[in-house]
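Multiple structures follow.
Shared chain: subunit A. Partners: subunit B in the first complex, subunit C in the second.
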Partner chain A sequence: MAHASTRRGPAFYFLAAFFALFVAFLYGPMLIIFLLSFQGTSGGLTFPMRGVSTHWFVDLWSSSRYGDLGGAFSRSVILGVLSMLITAACCLFAGLAFRRKFWGAGPLFYLSIVSLVVPGILLGLGISQFFQLLGFQLHWWLSALGAHLSWTLPFGLLIMFAVLNRFDSSWEEAARDAGARPAQILAYITVPILFPGLIAVALFGFTLSYDEYPRSLLTVGGLNTLPIEISNMTTNVTTPALYAIGTVTSAISFLVIAIAFIAIAIIQKNRARARGEKA
Partner chain B sequence: MSGRSSGSSSPVAPYLQVAPLAIVMIAMVGIPLATVVLLSFWESDGISIYPAFTLANYREVLTSPVTLSLFLKTLQYAAITLVCTALIGFTCSYFLVFHVRDLKWQIGLFLLCTIPFWTSNIIRMVSWIPFLGREGLFNGFLVQMGLTSAPLDVLLYSDFAVILTYVHLYTLFMIVPVFNSMAKIDPNLVEAARDAGARPWQILCYVIIPLTKTGLALGTIFVVTLVMGDFFVVRVMSGGQSASVVSAMKNEIDQLYYPQASAMAVLLIMVVLLMVSAVLRIVDIRSELAR
Partner chain C sequence: MTDQSRIDIRKVTKLYGGVRAVNEVDLTIDGGAYCCMIGPSGCGKTTLLRMIAGHEIPSSGAIAIGGEDVTALRTGDRGTALMFQNYALFPHLSLTDNVAFSLRVRGQGADQRRAAARAMLERVQLRHLADRVPSELSGGQQQRVALARALITNPKVLLLDEPLSALDEFLRLRMRVELKRLQSDLGITFVHVTHTQPEAIALADQVVVMDHGLIEQAASPRQVYGRPHSPYVARFMGGQNVLAGKIEKVTGAVAVIAAPDGTRYDLIDASGLVAGAPVKFSVRRDRIALSDAATAARNAAHGKIVNIEYQGTFVKVSLDTGRGEEFIVYMDDDEYLAAPKEVGQVVYATWKPELNHFLRGTNDSAGTPHE
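What follows is the complex of A and B.
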């Protein structure tokens, strides 16, 4: 189709080099701290490596210097899973609703955009003060969960819009004409077709919540989440333990991303195969 | 007709479907923002806050010379970051859309650019420290090459480090929307321009850039609002030497001066919304979302 660009000119190599540099810029620093987290026992925050050890990983869990890392970690994972489930469910239904005109659709959409645009710490201040005015206590599983949802739901909604853009609703109509009830249409038609998109929404729901910092800061109450503990460590900890926690939390993020990508890839492959068999 | 095309035919269905999202957004965004506006009229003495209706907080914020310098500093950060992210984002997207022809490679490389978005910003920021520090890799390299006699101090804990971190964290917010609009450009348009005798730079300026405008606008909104809302990067990476609007606000919050912080916040939101609406005035983003 684009036959004029079949030859790779100097522009291609220049741009490819630029892109490669950008990728190095994106991942290079992370690779450095992954390496440095295996620093030897007597090693410091920078190169050279003084031996290779897992000392700093062990130190993270055994030492009490770093505060309640285990507790913070489990709270962050629970919050991430809750945000993921709530985001996927709320955004699925909200996305379906937005296909029709309804009263308040415009303001609700703008409120979601405002939530993305407003500084997170400010929303945290608002939520914490709103809770105090009502006389409610701040809890990580309530106020911080709400703060996380104010961040994950708008992203989920935007992705849902993109997913539904490519969704052919004549499938639903066919099911209705065949006598299916709304719940059956949802369970047997809409959700299965949209499932890869829902995985993407869930991925955003988990990771954005798991790494959330500015909105959590004023809303967690007495018990911190992992990003808050890590941010405290950036100013207090001057050993490679800081990099070790970075390696651990990044590994978890990469694991979650990989699971989501693989799940989507398997579904798409099965669908392609099913289509191939029919043809 | 529109009723037929949706999941169910009942007129209350959309309200039931949207209710959970609407409740969370109103409770966790709408009311909290209203609370901030309310607080900005209250009084405080640094120990607790008292309901009142005073304009003193606004008077203080608007007359303080610090406010102006904070806003200028923040806008400067935002402007430099915007230029860098736009240039990098546009170039990378251009490469992916017009030079990578295999769709699998295109998607793979695009995802490679977006994966860091799902990891911790704090860790990505921290990871610059061993690279930029006095004894860091880059200084070691410079000294070894004989380019400088002593390690450079301006690399870390400086405005340079702050902006570098912003560019590192936020470029993908530019790449995603720019890539998205660029991928929708019909290749036949580029072909037609070429057949009509347009030079490569003319195709770039008169075909590709105009058609990428909405993506650039969306990216601009993201990058500018993210930079203007940050307090953590500026605090850590400048080594406490620089401050932005939100980092100053954070200090007031730490000292329990909530009303003053709220007044500053209201001012900031107004500036941000003004900038966003200016961008929206130039480019119609809703038509892009509907496409």
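What follows is the complex of A and C.
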């Protein structure tokens, strides 16, 4: 019977092929863009590679052909960090609040989830119309931030629910019993125990905002964020510099994820230290 | 010390919506006593414990500890410490920091509080594990950490919420001994919630039996076990057969009871009863003689044996007497082996009239402990 269970049937090969295809579609395009961004000076947008160089990366920073790329990049990073901080803080407290069945909790939850379902471009249109109606100027740090939060907050809240699922509220009760005041319970017990989960929420807050296009399009006002800038470039830039941007932005996304993992590792190490020595 | 840790509960009620979880409870727990609160799930024992701890505020009534009214006082300021059922140790802190936590929130310096915590861990024989985190400990060790964390502030009252229920049988018996020894060492009041009868009997100076938010009986284990107040207490604590009948006549303090099947019983402590009244009374299961032939007409019962269980030091024989409730006899094992019985056999039980114990309380529920 052990024999029967270890033999691979046709389903195995079919599913393995399906999975291979999935991986190829997932990473193939990224790999091609990564390779082509190191295209030689005389190379074009397609294979073959005419030598290997970092010319297009240098071109990206030195040439003025690409518009305000650096500005767009820094705006997107600032926007991402703002979204991250606001999302992490709001989702922590919203998640804690939703543990109690307060009056109107159900409708409030569904209301906040609706903005995940509404098409982003429509939401952006609504925000821009609303701003004009009130006579406010559209700004990337104001209207676009709001648009991004409509996306990152409900997302972060859902993650927070999953994180809190494994949180035992008797820890807070035990702290209260030991004489801790609400602020001390939050600082010494709730936040430290939830911290790895909070990093996950923050990470989503950043990446969802950093590469958000539809919600940004009509809400950034006069100055573009990076996804809009790149989108514009695809129509008028015809050099491998386009790929260089792709490589750089992907690298930044990976860097953010790496930082998050390092942060979690440091926490684990601190905890190990707390147990390994007097700390 | 003794008076400082006395607990006075006066007319305490706790409402959850329309449900009375605790209903006008009056209870005094002597300072330095070991008090066990027992009852089926939902009887209000845990709610009462949490109100003493300050995790719940009574809807009405007052609670005083050491004569000081603490009804609305913040938990942590009332001289109580609660040990949680699942221990609720902080997963991100070492044992030292777990134990030192309440000193930390009181603003004590790191070196000072850690030294105190290590001394407390020494006391529960866990000094060598002081730098571990809770997930690395066994259940019994976690419990000792929870104890150390609760005791570090020198509470006047230690509250324990089903402290032994998460342990296996062997460890449970050992920790039971440790708890009792700790309590007599410290001389403070322990209030221990449990749903295990032998635990309550073995540990307590005072057993509080609860049902439906009310205290049915609060007395010494001997009183509760041997002289139950109501049919419910008799059934819940075990060790008693509950019988019913009608008072036939009363002569002084002695009454004669007639059971539905005509058997007569003599009740010695029947003061205040009048002829014609329906009564319930109980008989200790281990004080009953069984024989194969009818011997006496009074203070007796007979029926078919439905089950025989060997229990080591005694044999448990269950009879169907046709009165609805199983009649159980604990036979001495030597006595049983001298004249073994069989399931299906009709046997006759007799006992001395002074064993009939009048159940004054009216709570007639089955008292099946919810496990």
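Just so we're on the same page, the second predicted complex is superposed on the first by the 243 of 279 C-alpha atoms of A that agree within 3 Å, B and C clash if a C-alpha of one lies under 4 Å from a C-alpha of the other, contacts with A are read in each partner's own complex, and residues count from 1 in each chain.
To be clear about the criterion, contacts are C-beta pairs under 8 Å (C-beta built on N, C-alpha and C of every residue); 3 or more make two chains touch, one makes a residue touch a chain.
This one's a predicted model, so the numbers in the text were calculated from it and none came from an experiment.
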First (subunit B), second (subunit C), both or neither touched by A:Q184: second
Which superposed partner A:N232 touches (first subunit B, second subunit C, both, neither): neither
Touching partner for A:S53 - first (subunit B), second (subunit C), both, neither: neither
Partner chain in contact with A:E173 - subunit B first, subunit C second, else both or neither: both
Subunit A residues touched by each partner, larger count belonging to subunit B or subunit C: B
Touched partner set for A:P192, first subunit B, second subunit C, both or neither: second
Those residues of subunit A which subunit B touches in one complex and subunit C touches in the other: 173, 176
Touch list for subunit A against partner subunit C, complex: 168, 170-171, 173-181, 184, 188-189, 192-193, 271, 274-279
Touch list for subunit B against partner subunit A, complex: 2-9, 13-18, 20-22, 24-36, 39, 88, 91-92, 94-96, 98-99, 101, 109, 111-113, 115-116, 118-124, 126-131, 133, 135-137, 140, 168, 171-172, 187, 190-191, 194, 200, 221-222, 225, 228-232, 236, 246, 249-250, 253, 258, 261-262, 265, 268-269, 272-273, 276, 289
Subunit B partner contacts - residues on subunit A that touch it in the complex: 1-2, 4-5, 8, 11-12, 15-16, 18-19, 22-23, 25-30, 32-33, 36, 45-47, 86, 89-91, 93-94, 96-105, 108, 111-112, 114-123, 125-127, 129-130, 133, 146-147, 149-150, 153-154, 157, 161, 169, 172-173, 176, 182, 185-186, 190, 203-204, 207-208, 211, 213-214, 218, 227, 230-231, 234-235, 242-243, 246, 249-250, 253-254, 256-257, 261
Subunit C residues touching subunit A - in the complex, by the definition given at the top: 53-55, 75-77, 80-82, 84, 86, 88-94, 96-97, 101-102, 104-106, 114, 131-133, 136, 149-150, 153
